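Two complexes, one shared chain (subunit A), two partners (subunit B, subunit C).
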Partner chain A sequence: MSHLLSYLIFIPFVGALVALLIPANRINFFKQLTLGVSIIQLILLVLILSAYKINAGVQLAENIPWITLQLGSWGSLHAEYFVAIDGLSLPMVALSVVIMAIAVISSWNIEKNHKGYFTLLLILNGAIIGSFCALDFLLFYVFFEFMLLPMYFLIGIWGGPRREYASIKFFLYTLLGSIFILIVLVASYLSIKDPATSNEVVHTLNVLHMQNPDNIIPGSLLDVDTEDQYGPYSFRMWAFLLLFIGFAIKLPAVPLHTWLPDAHVEAPTAISVILAALLLKFGGYGLLRFAYPIFPDGAIEFAWMVGFVGVLSIIYGALNALASKDLKRLIAYSSVSHMGFVLLGVASATAEGAGGAVYQMFSHGIISAMLFLIAGVLYDRTHDRLIANYSGLASKMKSYTAFVLIAFFASMGLPGFAGFIGEVLVFFGAFQSHAINGLIPIWMPIVATSGLLLGAGYFLWTIQRMFYGPYSIRIHVPELTDINSREYIMLLPLAVAALLFGILPQLLMKYINPFASEWVEELFKHASFFNP
Partner chain B sequence: MNDQLQDIYQSMQWLMPELLLTSAILITLFVGLFVTKNKHILLKSISLFVYAAALVLVALQEIDNPVSLFGNMLRADDFSNYFKILFLTGGFLTVWISQEQKEKNSTEYFILIQAVVTGSCLLVMSMNFIMVVLSIELISLSSYMLSGFGFDKKSAEGSLKYFLFGTVATACMIYGMSLLYSLSGTLDYSSETFLKNLLENTTPLLLVGGILTLAGFLFKISAVPFHLWAPDVYEATPTPIVAFFAVVPKLAGLAIITRFTLAINLFGQSGFNWQLIIAVIAAMSILVGNLSALAQQNPKRLLAFSSVAQSGFMLLGIVSFSTEGIHFTMFYAAVFLLMNFLVFIALNQIESAWGAHLIPAFAGTGKIFLIPALTMLVGLIALTGLPPTAGFTAKLLIFSSLWAGYEQSGSLILLFVFIVGLLNTVISLFFYLKIPYYQFIKEKKRDATGLRISFAENLLTILLAIALFYLFLHPDGLMRWINRISFVL
Partner chain C sequence: MTHEEIPSALIWLALAVPGLPLISSLVCFLISKKFNWTIPLLSSILLIAATACSTILFFQLHNQSVIQSWPWLAIQNKIIHAGFLLDSISLSMSLAVAWVSMLVHFFSIGYMAEDRAPDRYFGMLGFFTFAMLGLVMSSNLLITFFFWELVGFSSYRLIGHWYEKPAAANASTKAFLINRIGDLGFLIALMILWNWFGHLDINNFNFSAVPTEILTAAGLCIFIAVIGKSAQFPLLHWLPDAMEGPTPVSALIHAATMVAAGVFLLVRISPLFTESALLVISGIGAFTAVIGAVGALFQYDIKKILAYSTISQLGFMVMAIGAGAAQGGYLHLLHHAFFKAGLFLGAGAIIHALHQATHHSKNNYDVQDIRNMGGLRKKLPVTFITFLIFGAALAGLPFTSGFISKEIILSQMSLWAGTDVSGKWVIMIAAWAVTFLTPIYIFKLIWFVFFKESKQETELQDIPVIMKMPLIILSILSLALLLPTFDFHFFSTVNVILNYFPEASISITIISLAVISFALIFSYLHYRKSTPGKLSSFLSPQYYLDIVSDKAVFLLSILYTITNWIDKHIIDQIIHLFTYLQVTIAHLAGWTDRVFIDGAVNGAAYSAKGIGAVARIMINGKIQSYLLWAMAALLIFILWILY
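Let's turn to the complex of A and B:
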């Protein structure tokens, strides 16, 4: 039982290998295999949850040496296969397992090339969970990059009419972000030594070691006493900025978000779900796991910028959503807006703000998945997503409308839904920050509240335009049918989760809270090391 | 007299692999003259056997300290043996994938490949400018002829172009060497006299001589601005030969550049900034190679520009002038051999089965030739430098060496090439994905009955792909071997 996380990560890869060896005409086998993998993962998730001890920090760790390279006069490089979970990664891993299972069900009606599709889906599954569990920077980076290629093909082969443009744009944007991260990775590991070895310098990429300022080699570029300046900033500041840009592209934050609407509009439903619910989370996750703890001085120096980009994303994303004519594009921009709250929460560097950011990532994962599934349900029936083409759908598709209302209200942040808890916590943190640590000015959360109003605006307006009024649709399709049982199976658990985590936030907060308070404490402790 | 004979006799023992290759050339020639039936298969088997045997001979040589041969004309050391193994593997793979030649030409075909490999082996051992020129000419003259092996107008044009550019480059190189000779008074560039005299004579002539000599070497690795021949020659030459050109002469050039720049840099005491010169050439190669590749429609021209950029990346390892940097370049060289051959072999399979020559014509081949297309994807991803392939590890190490060099010396040029190199990964992704994009994403219906590539033919590409994954997961083994290579000039 000590290898639970490895099982969780590698079972999909084994599944992919099996899928490769099976002849392509056995369509049902691929579906069942992928679903089977997801079911095993759900069982493993239950085991992980029962083995997880609250308030015990990083646990279920597996640590095996991976690469040990002698670098001659510079000591040696030591990278580990180091996976573990804590209060930050546990919600993300749980979310990934659930969303991947739903994505498989949503892929049931894929029309072509099943073998390729499900193989790529399995690879993506393993890579996502691997990145969330990795506590070695190199290992994280490898899994992180490994997500891009399956995603590129999943959008490029099974996507909509402009899929080719969208997939390469997605790939190039996110690769650019990864390169910024790689620059910091290469530049920083040579400045960090493993505390366990004393006589020889062992450079480590273990994140826990990288976070501890005691492990920085004196006189190296990461050292606080290094006087080298590059333009206006020291190297540490630049490293933080590069990491921030790298993860902000993934988040995505305005103005680096332009790949997202294209990718979402063209991607097939299941891939949109994964993209919105899981891949975007790496933006927030990366900041919380790498950028902030490794460069706390940069985090404090640039808190205003992170907060500002967050507020900008909230407002700009919401305004764009308001102007969108395509339902999927609207949802994509609403994602930009909601992920802005994550930035605002992280920037506040308070326990509430950081916890709220994690909660917001989790709830956005559930709600955005639901939103994209809803868009997919309609698209499957009509092959059209223009909002203006529909009206009065409520009279034809009653259950569908019910789910749409739940999803929209949850996404608006209505009390009683999961989205509310995340946003309220973020606001608590952001308003407090002014008084506690003075990192972000009070006007930022005030302006951000208008994002909530705009959110209500575009969602309610969409409901009014599409679902109320007399029934008419402006495209030729056979009679619209209400959702079928497969779609129920996908939507119902998500709707329940959106409510459950809105009413009983303690279910999740008990995992997040210890992490968030320790995170903030460490952040300021380490920051004081650099700015005494 | 007796001492000299003794020296020659003892040197011969170290030269067994090269002697074997040379005798193989003679054997191939005679067999080609007298055998008429199944000539291709027979000659191919002889070639394969010779490369394998030479590999064993090289691997068996135990060299604790560098051995000086023939009055320091050549030197046998770990460094040269490492590269020889790469050349012989390259030759083996090239012959393995070579299709049947026209009956009357097959003898020359194998002989010329053997000559290039022999020349490359001698080049990495050369310590004397005379030997350098002879080896480079052995490589070049054979290459000029090999590039004409398509036997059509285009091939003839490519071959002639290669010849004209090549002779000018060689002329420059010899002129440069003569200038260096006039300054140092010796042709042995590893000798103390060479270093001492050049340290005393810091004249601009030294810079001119060094650059002209480098020009000849850079031509071999098709680095900017000596890359113009590459796309035309690659386009016109049969694919197995292109794969060969892109690896063996290039790595030979890389090895001699490594030795020569270390010599001319005079342990960092040279009055001229050789680091800057190599760094600029490397950065230019990466930029020009990548940007030119973006516009290509022919897969071989695309790969020609890609190989220009890859030369730049390999030069980056030398730029830091550290032992580690050179070790990482050697690691990169081995990975480059694997990934480049993988891409070309898969390309060759698809091209010959499908009859397509432009990238858009590859539309839909991903489904028909799944395994070649997938393995080619692995190779291209490795060339881009993405995990989980050894291409990533190789680039990571090269960039580490640049960063460490920068941290130690504070030289901004290292920081500059570090950033240029990394950002170019994004550009290169765009064109490396072009072929898979047409193979997998673009759709085209075409009757593909009867078009199959057998498992046996796919085995080689699968093995190469697995090697790339393996070196990603466990680079330790190869690096430990490379780390043992002591590098003394």
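Let's turn to the complex of A and C:
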């Protein structure tokens, strides 16, 4: 059995360990080390892709007992080191590896404390990939929490003027979400048994076991037949809601989104890129992996709410993007708007919706990374992000403008770019939902289309204000230069990827489609267990 | 209708038709700046090749209907195909697109000779041609939508070609946004169709199985897209502004092809439209046709007159398709592509010549205002003669292509309207009104530009040959007279396919000829003496629609100010409140810690210290005092035992 995934996860941690042993004045070493780790990961990714079999479900699994605790009358606890990938995690893992490599390149001109920065970046790298691969809830939770710490310091130390406020806000918000997830984790631990051991109750947090309703211990907290009501709902429903809120904060969904603009505005470019491209994905990933399959009855009960929050995020995020005067803030709000499509797609519980949501997560990863890199390019030159301070940049920075146009039009869902595929599938799924499973009403996708119009509005307005018209800038800087070769190297692969996955969607869809189809099928199969 | 597969030899040919313009676009963008001078040449050659391929394809597949598609996107067990659906509708349209685009490329070589960014210009021109051909030839509605948005994008880039000019930047944004409104309608229609059929292949729709109300909803949603793209009421005010783009662009995109895409779409999926949807379509079309024509009457900017004329003519086609004259409407679309492209290129030639002249003489005036022109018939003879032909085709004079299609439309519509007075007569009256108004405004334009005496004394140089040639070719294509070899008309295949040929009624022809002659006589008498008046914006539909748009933008700005306020003052305040609450509780806990718990601990320490101090007094090193304490202790012990 190969250990490809473990290598992928732990090589960055090993790198971090090495970095800690090296004197802090060897600045270039840290850069090369981090880049080296990313290159090894890229090679591993190719190996994983070649080993991956479409239609084979969960694969490349590594399952080793991790924690075993005898708890007397409570039975025993088994937590496993269980990593594997399927059609949901493969796109996310691939995205993570690529984005981390690009983040390293964009971190090349970090100005202070290189040792700390790159060490934290490596830890973040391992934790992100670990959480995308983990199929044990406890293992996921450990990796998931592990991301928080480096992120907090990366924003808090290398960030902009209000970095302390932003990092604490980010930390508290996310921690709140984590606590909600932790409650569900404890409840699941108490309620779910390993099917392999029948005579003695062995508690497990293996996600595959958790998804099967047969493994729920009768009479436990999460048992559907329990008479206990906590307020209006049974504990199962509350558990779904807690998971939903926990992951909605991460997504972020309105009204739990206000940490995002602040964190983005203050974070250094590379961290903004990772935050937007990867960390936000845990919101959608968590819903698709944990909340929906484990609580299908909750998913059906609250589909309307999930869809509504999605539509609200789409429109509210877009309106706030229109109101933003700061380029990075605008992009941050556009992320809120775009992640709303993920919610809408998931809520529809159709193959189109779920597949579209995964596709949207992937494409948003590529495109938002590009957007933040673009904002960073300008900030590096002028240390100013106010839209009103620029005019006519198109005539001074030609290649830069070309990339801006690609990124902006990709983000507003122009066909030919990856964003279009995700959005169209989400719309198809959400519209169909009414006829297929009756979960969300047809006005939701129809109202949500206005997000596309608003999206075009704020991006085109920005182009018109910053790039068109006669050249003038209101900041005292020496002559603006066009993008350099390092910036080319980080922007070009993303632009190519955004185009490639927009023109040939099947390249990615062939991985997602089996997952999405099965996901929907299982969801309703398990839901019927709870609501016969 | 069943469709055969495309013969394999022709697949490459079909791929080359949109492929070559795409290559042209890529070449323009990727070529080194040093070789910028080769760009016009290279892209023109590639366009000639594409046009040749398209022409061969047209004759090879004459009267056939073939399809070839490949899976593009699979979800669950549903597949979205990408491919070609080639029948006489898409073949004739792609032929028109390729030809006009090629001629516009030629014209641009002269017109844009002094432009700083030929790479951007020819690159986008090539890209537009690719997208437009893709739109036309696609076999799947999603792919059509794909290209539908891409033509909008290229239009945006080309309108904003001179982006340093704020007006151009503004116009490009406006055009894209208003088009996007229409695109949302398209998207919703796609959702409805996907929900019903589970596929979007144009040749596989079985509309008869769908309930009428759903069909009507889908049809009207598609029509919203048509309204946006083909500048119908109420989304027409982007088109006059779009004239900020280079004039050849206006000819290609905003006259001949892209704006006609809406009309094309109506024909492409005509079975979708129910009776009631068609009535709405014809009503909107008729209204647009009339207000467009009225708007053209009161403009003095040469390009804006033509823009309004385009709006009016597009409305005329939309009305015709809604009113049971689909064949005529589609034929008019093809004819219009040639003569309107010709009119715009003619206008471009005039602007070019005047611009050169003012540039040399330093005598600056608005070279697009027809009140500043006059007497150009002697200075620009080729432009004059071709312009006359295009104008005649627009007005619908005999022996021109416009005459034929207009006769078909009018006679089909009169059959549709019937002899009994009904609501349909309103639309019929609108059709006649447009027939009457069109010769007037085009006469006015020609009169001011070519006949009236010039106020500006400038030395004009005639335009170069490369710009004359497209005008001549287009004027030939606008004449019906010269194409007798293709029975009746070059594009009569359209009628063959639609399997219906209208009986051109003699009475309709006589009436329309009378109307046109009356209009011409009237305008001659009116404009012969008249001094040009002031521009009256109250009579242009744009004036009112701009007010509406501004109000909408204003409402939007209120809305986003509110959401921004909510973010800052409600959500964040709640978060801050929670934080303060937490900090307060923390302080409270800290205080409790200090006062009570630490107090207790310190109290314990203090008391120990106090006791220690007392004990220290006792331990003073004197045997006597130790004895005393021992005695006292013994005493207490005895007392405790006793009681």
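Miscellaneous remarks
Criterion: the second predicted complex is superposed on the first by the 531 of 532 C-alpha atoms of A that agree within 3 Å, B and C clash if a C-alpha of one lies under 4 Å from a C-alpha of the other, contacts with A are read in each partner's own complex, and residues count from 1 in each chain.
Keep in mind that, in the parts below, a contact is a pair of C-beta atoms (placed from the backbone, for glycine too) under 8 Å apart; a residue touches a chain by one contact, two chains touch by 3 or more.
Predicted, not measured: the structure shown is a model, and the values here were computed from it.
In the overlay built on the shared chain, the residue A:Pro470 is in contact with subunit C alone; subunit B does not reach it.
In the superposed model, A:Ser399 makes contact with neither subunit B nor subunit C. Look at A:Leu453: by the touch rule set out above, it reaches subunit C but stays clear of subunit B. Of the two partner chains placed by the overlay, only subunit B lies in contact with A:Ile67; subunit C stays clear of it.
Of the two partner chains placed by superposition, only subunit B is touched by A:Glu145; subunit C is not.
Legend: residue contacts after superposition of the two complexes on their common chain; A:Leu172 is shown touching both subunit B and subunit C.
Of the two partners subunit B and subunit C, more residues of subunit A are touched by C. Of the two partner chains placed by the overlay, neither subunit B nor subunit C lies in contact with A:Asn437.
Counting contacts as defined above, subunit A residues 172 meet subunit B in one complex and subunit C in the other.
Every residue of subunit A that touches subunit B in the complex is listed here, in rising order: 66-74, 77, 113, 116, 141-142, 145-146, 148-149, 152-153, 156-157, 163-164, 167-168, 171-172, 175-176, 179, 182-183, 186-187, 189-191, 220-221, 228. For subunit B in complex with subunit A, the residues that touch the partner chain are 322-324, 327, 367, 381, 386-388, 392-393, 396-397, 399-400, 403-404, 407, 410, 418-419, 422-423, 425-426, 429-430, 433, 437, 440-442, 473-476, 479-480, 483. Those residues of subunit A that touch subunit C in the shared complex are 169, 172-173, 255, 257-258, 261, 316, 319-320, 322-324, 351-352, 355, 392, 394-395, 409, 414-416, 420-421, 424-425, 427-428, 431-432, 435, 445-446, 449-450, 452-453, 456-457, 460-461, 463-464, 467-471, 505-506, 509-510, 513, 516-517.
Residues 71-76, 142, 145-147, 149-150, 153, 156, 160, 163-164, 166, 168-170, 172-173, 176-177, 180-181, 183-184, 187-188, 190-192, 194-195, 556-557, 559-561, 563-564, 567, 571-572, 575, 579 of subunit C are the ones touching subunit A in the complex.
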